[in-house]
C-alpha cells in the first residue's frame, strides 16, 4: 500500500480511534496550555499499550475482519514486491482467462517459481472483473496448466490464497467446477516439484484448497481458513445470520488454531495492525519464510518431494477405532 | 380424496371395526410409499423388490448403503473393512447442540457408525473394492471417518489390484469437523493419485444427491463416471446459486441428464442395469497388456484386401 | 443397412438405371412374348458387365460421391457390428458432449479397443444434432480424454474417420479449435499403445487428422482424404464452383492415390456398388484388416509402438536439397 | 487531396520541373507507406527504424522473415540451417497454372526458397533455435518444405538443448501438395512431442496473420504463447465462419486481444518488447534443477516468524 493511503479502521479498533481523537484534542490545546504536554505523552503511551492489547486479544471474528480488510494485500502486491519484473501468464488455453486467478513466473530470492494466486481486485471495477476473488472452472484449469508447466520445467510452485471460495454460478456448474477442483487436487498430489501454499487472507473452502494442496502450508497471522464461510455455517447450523461470531469460534478457523491442529506448518507474523498497514514489511517477512521452506524442500529428491506431500495429507483427520 | 386421507378417515369414522383394526398412519406409511415424482402410491415391499425404483415413472428413490450393497453385490460376497472406525469431536464443536450428541443421534437414526460402508465384494462375479455412502447418516457428509475410510479403501484396492467402485451420496463436507473435514478432500484425492499412477480402474457412481466436497474430490475423479437417473449432482447447491446469480435455474439443472449433456458423466444408468454395467466395465479394463485370446474369431473372408506394398 | 432399404443411386450410375428400366420393361412383356427370354437374360449379363465396368472406371469425383453417400455406413454402424455390446462413453468432462464424435469401448475380434469415430447422423434430426459430422473443440477434447484412457489401461485405439472437417463456428474458435486439434496430434504422437485409423468416408482436413495420427492408416476403397474440401479448393484456386471435379483430380484424394503416395498403409476393398450396399460385409472386411494390423502392432514393445509412429510421420513429405 | 494524388498531379502538371524531376508513383510508394489502421502516411525509413510499427497508432505491419530475424537476434548471431531445402511438385499439381511455375513466381517475389527461415541465433545473449515464417512467400503456406524445416529445427533444438522459438505467419496448408501438406501438421506436432518429453522450452509467437494447419499444429503447442498486437489468428477463416453461422462476427474476433481474453495466448507483446520478453522467458526456464544462487539475497529481518513446532 502506498504510504499516503490511510489504513481503514475496523470495528474492534474503535477504542483506539476514540483515544486518538482525545490525543488530537489535547494536542490542539497544547499551545495555549503547555502544561498538558505530560498528559499528551502519557496518552501516546496509552495508545501503544491499548493497540498491543487489542491485537493480542483478537476474537476469531476480528481476525476474519482483518483477513477481509479492503486494503489487505493481494497476490499481485506480493508478486510485485518479490520480483518487480515478474511475468504474468494468461488463460486456460481452452476458452477463457479467469482474472480471479493470477498466474505467472516469479523470482523469490534465489528461486524461480511458478506463482499462482487468487485476486479479489482492488477498485470496484476490478472487484467485478475479478468476481470478488471467486474463481471459475477456467481459473482452476489455468492453475492446472501452470502445475504442469512447473512439473515440466522443474520449477517449485508458490500459491497465495485469498478467496471466499469457488464461484457458485450456473456456468461454473455447467463447466464442471467440481471436476476442475478435484483434478487440481489429484494433480497437485502427483507433482515432483515442491509446492508451498500461503493463506494470505480468506481461505474459503474447496475453492481455496484447489490451489492449496501443498508440501508446506503457511498462514498469515490474521488469515482464516475454513470449510465453509462463517456466514454459511451460521445460517445452516444456527439458522441465524446473527451467529457469525459463534460460527467463527466453533469452526476453529484462525491461523493459530489451525496451526495447533497440525495442518498449517507456519504462522507468519503480520505487522502490528495487520498486513494492510505495511505491504513492504509483510512481503519481506513472507519472502524470508518462503525461502526457508524452499531451501528445505529443494534439497529433497523429486520422488521424496511427492512422498512428503502424500504423507502429509494421509495423516490428516481424527478418528478412533 | 387420496389414499392417505381415506385411511385416516376410515380410522376416524371407526367403520368396519369388527374384524380388524384399521391401519394407523404410521403403519400405513410403513406399508406404502408415495413416489416423489409421479405421486403414485407404491406398496413398500413392491418398491424394494423393484430396487426402490418407481414402477410407474422410474423415479429412483434414495437408498441406504446396505440396501445398495445388497442390490449390487453377489449374495454373501461383501466383506466389510474398517467397520469400527468412528468419529471423534476434534474441535469440541457446539452449535445449538454438541457434535458428539449429534453423532449419537445420527447413528441412532441411520444404524450406521458413519456415512460410508467400505469393503471387498463381488459384482456379477468380478472382485472389486466397494465403498457406498449413505445420505441418511448425517446427510452423507464427509468428515474424518469418511475421508479415512475412502483413503483406506483406495489403498486396499491398490494393494490387492482390485477395481475401485464408489457409490456417492453426500450433502458435502461435515462442518462440525471444520478444516479437518475440508482436508479430507485433499486426502482422498491424493490417495487416488496412487491408484491412477498404478493404472487401476476406478468407477465413480453418483446417486441422489451428491454435492460439495465429495463431488470436488474423489467422486469426480472416476475413470468412468456413472450417474443414476434423476440424481441431482453438483458442487454448489441450487439455492446458493440462485441467490448468487439472482435468477431461477432451469428445472433439470444439476440432474444426471443435465450433466450428461454437459459432458460431465459417461453414462446415466438405470439401477437395474448398474451391477451388469459395472461388471462389463471391470471386465473390459482387466486386460493389462494387449492379450488377444488364444482362439482367433471365425470370420468369413468376404472380400479381397489390398496389401500395402 | 437393413436389407429392405434400397440403395439410393448416384449420378454416375445413371446408365445402370436406364438399363434396369429396359430390363423391367422387357420382363413385363415376357408373358405375352416368351421369345424375349434370351434378350432378357442377355441384358442381365450386360447389366453386370456394365456395373463392373463403371466401378472400375470411377473418377475421383465419383469416389467422392460414394464417400459422401447418404447411406454410407458411419462409426456406429461399424461398432455395432464389431461388438453388439459395445459401451458408449460421453463427454469431455469439462463442459459438453459433442455428438459429432462418438467414443466407446469396443471389442474387435480378440482385441478390446478404445474406439473413436466421427458421426454424421442418419436422420435429418440426427444430422443436425451431429452437426453433419463436424466436431467442435469439445469433441476433440472428448477424444483426447479417451487417448489418455487408452494409455492408462494399455488399450489399443481405433479411430474411424468420416467428417467434412472441424466445425468452422464462432464458439469453436473461441474454444480454441486450433489448440484442440494440435494437442490431439502431439498426444497421439506420444502414446505407447497402438493406434489404427481408418478413413471410412470423407477425411476432411485437420478435423480428420485430429483423430487420425496413427501407426497404421487404412482407407476404404471409395473413401477420400484431403487437405481441404474439393469445393474449397475449387473456389480458392479456380475461383469457380464448377471446378470441383478438377480439384478432386488435382488433389489426389482417393484411397488408391494416397496409397501410392505412401501415406495410407492399406486400401480396404468395398463391396461392388459401395460400402452402403452391404453394411455387414464391409464391417467384416474391415474387422479382418484391423485384426491383422493389431496382431502386428501388439507384438511390439510400448516404446517401439511409439517409435514406429514417430518414424512414420518423420518421413512424410517431398523435398529436395 | 491526399499526398499520393498530390504527387501524381504535380507530375501531370509539370510544375517546377527546372530543378528536379518529381517522384513517380512508384518512387513515392517506395518512400512512403500508409498505415492500414490509422491511415497515417509514414516515411518508409522511419517505419523500418520503428520495427515496422506505426508510430502513431502502434499498428504492427506484417514483416518478412529476414526483417524479423534482424529485429529479434543479436547482430551477426543468426546462422541459417537447411537453407537449400526446396519444394518439389509431388502431385504435378495444376489448377489455372502449374504448381512448379507458381513456386518460381513465389520465390521471385519473396526472394525466399520457401515460407520459413530456420537457424541458430542469440536473442539478447540467449542461444536459441529460431524459425521465422514469411507470409509474403506463398501466403506463408505449409507444404513439405515448411514441415521438414520445422521438424529439423525441433530436432536441432533437442540435440543442442536449445530453447525453440518459432514466429508464425501463415494462411494455412499448401493445397498444391494435397495430403502431403496436411500430413506436415502431424509431422511437426509429432516432432514437438520429443521436445516436450525432454522438457525443453518452446515459445510460439503468432504474428499477423496465422491460420489453418499452422495454428492447428506447431503454432499452438508452445509452452508460452505470445501474440503480436492486432494480429489475426485462428483455425477457420472469418469469411468461412460467417458463411457457416450466417451472422456477422464481432470486429475484434480472432485478434490477438480477443484470443488473450479467451485464454488462448499468454500475452500480447509489442514488437519493441519482443526480444527482451523472449530473453527473459528463456532465462527463467533455464533452471533445469532447483538451483538457488550461491549467494543468498540480502533481506532485512523485519519481523519475528513463528516456527512450526
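To keep things simple, chains are lettered A, B, C and D as they appear, and every chain counts its residues starting from 1.
One rule holds for everything that comes next: a contact is a pair of C-beta atoms (placed from the backbone, for glycine too) under 8 Å apart; a residue touches a chain by one contact, two chains touch by 3 or more.
These figures come from a predicted structure and were not determined experimentally.
Put simply, the chain farthest from subunit A by mean CA position is C. One finds 41 Å separating the Cα centroids of subunit B and subunit C. Note on chain placement: the centre of subunit A and the centre of subunit C lie 55 Å apart, centres being C-alpha means. Averaged C-alpha coordinates put the centre of subunit C at 36 Å from the centre of subunit D.
Each of the following residues of subunit C touches two or more other chains: 93-95, 174-176, 179. In subunit D, the residues that touch at least two other chains are 196, 262-264.
Contacts between chains form some other arrangement here, matching none of path, ring, star or all-to-all. Per the touch definition, subunit D reaches subunit C in the complex via residues 82, 84-88, 90-91, 93-96, 144-145, 147-148, 151, 173, 175, 177-187, 189-194, 196-197, 212-213, 215-221, 234-237, 240-241, 244-245, 249, 253-254, 262-264.
Residues 93-95, 137, 141, 174-176, 179-180 of subunit C are the ones touching subunit A in the complex. For subunit C in complex with subunit B, the residues that touch the partner chain are 85, 87-98, 105, 107, 109-112, 138, 142, 149, 152-156, 193-194, 259, 264-271, 281-282, 284-285, 287-289, 291, 294-295, 298. Residues of subunit D that touch subunit A in their complex: 196, 199, 201, 223-225, 260-267, 277, 280-281, 284-285, 287-290, 292-293, 295-297, 299-308. Only residues 166-170, 172-179, 181-183, 185-186, 189-190, 205-206, 209-210, 212-213, 225-228, 233, 236-238, 243, 246-247, 250-253, 258, 261, 263, 309-310, 313-314, 316-321 of subunit A touch subunit B when the two sit together in their complex.
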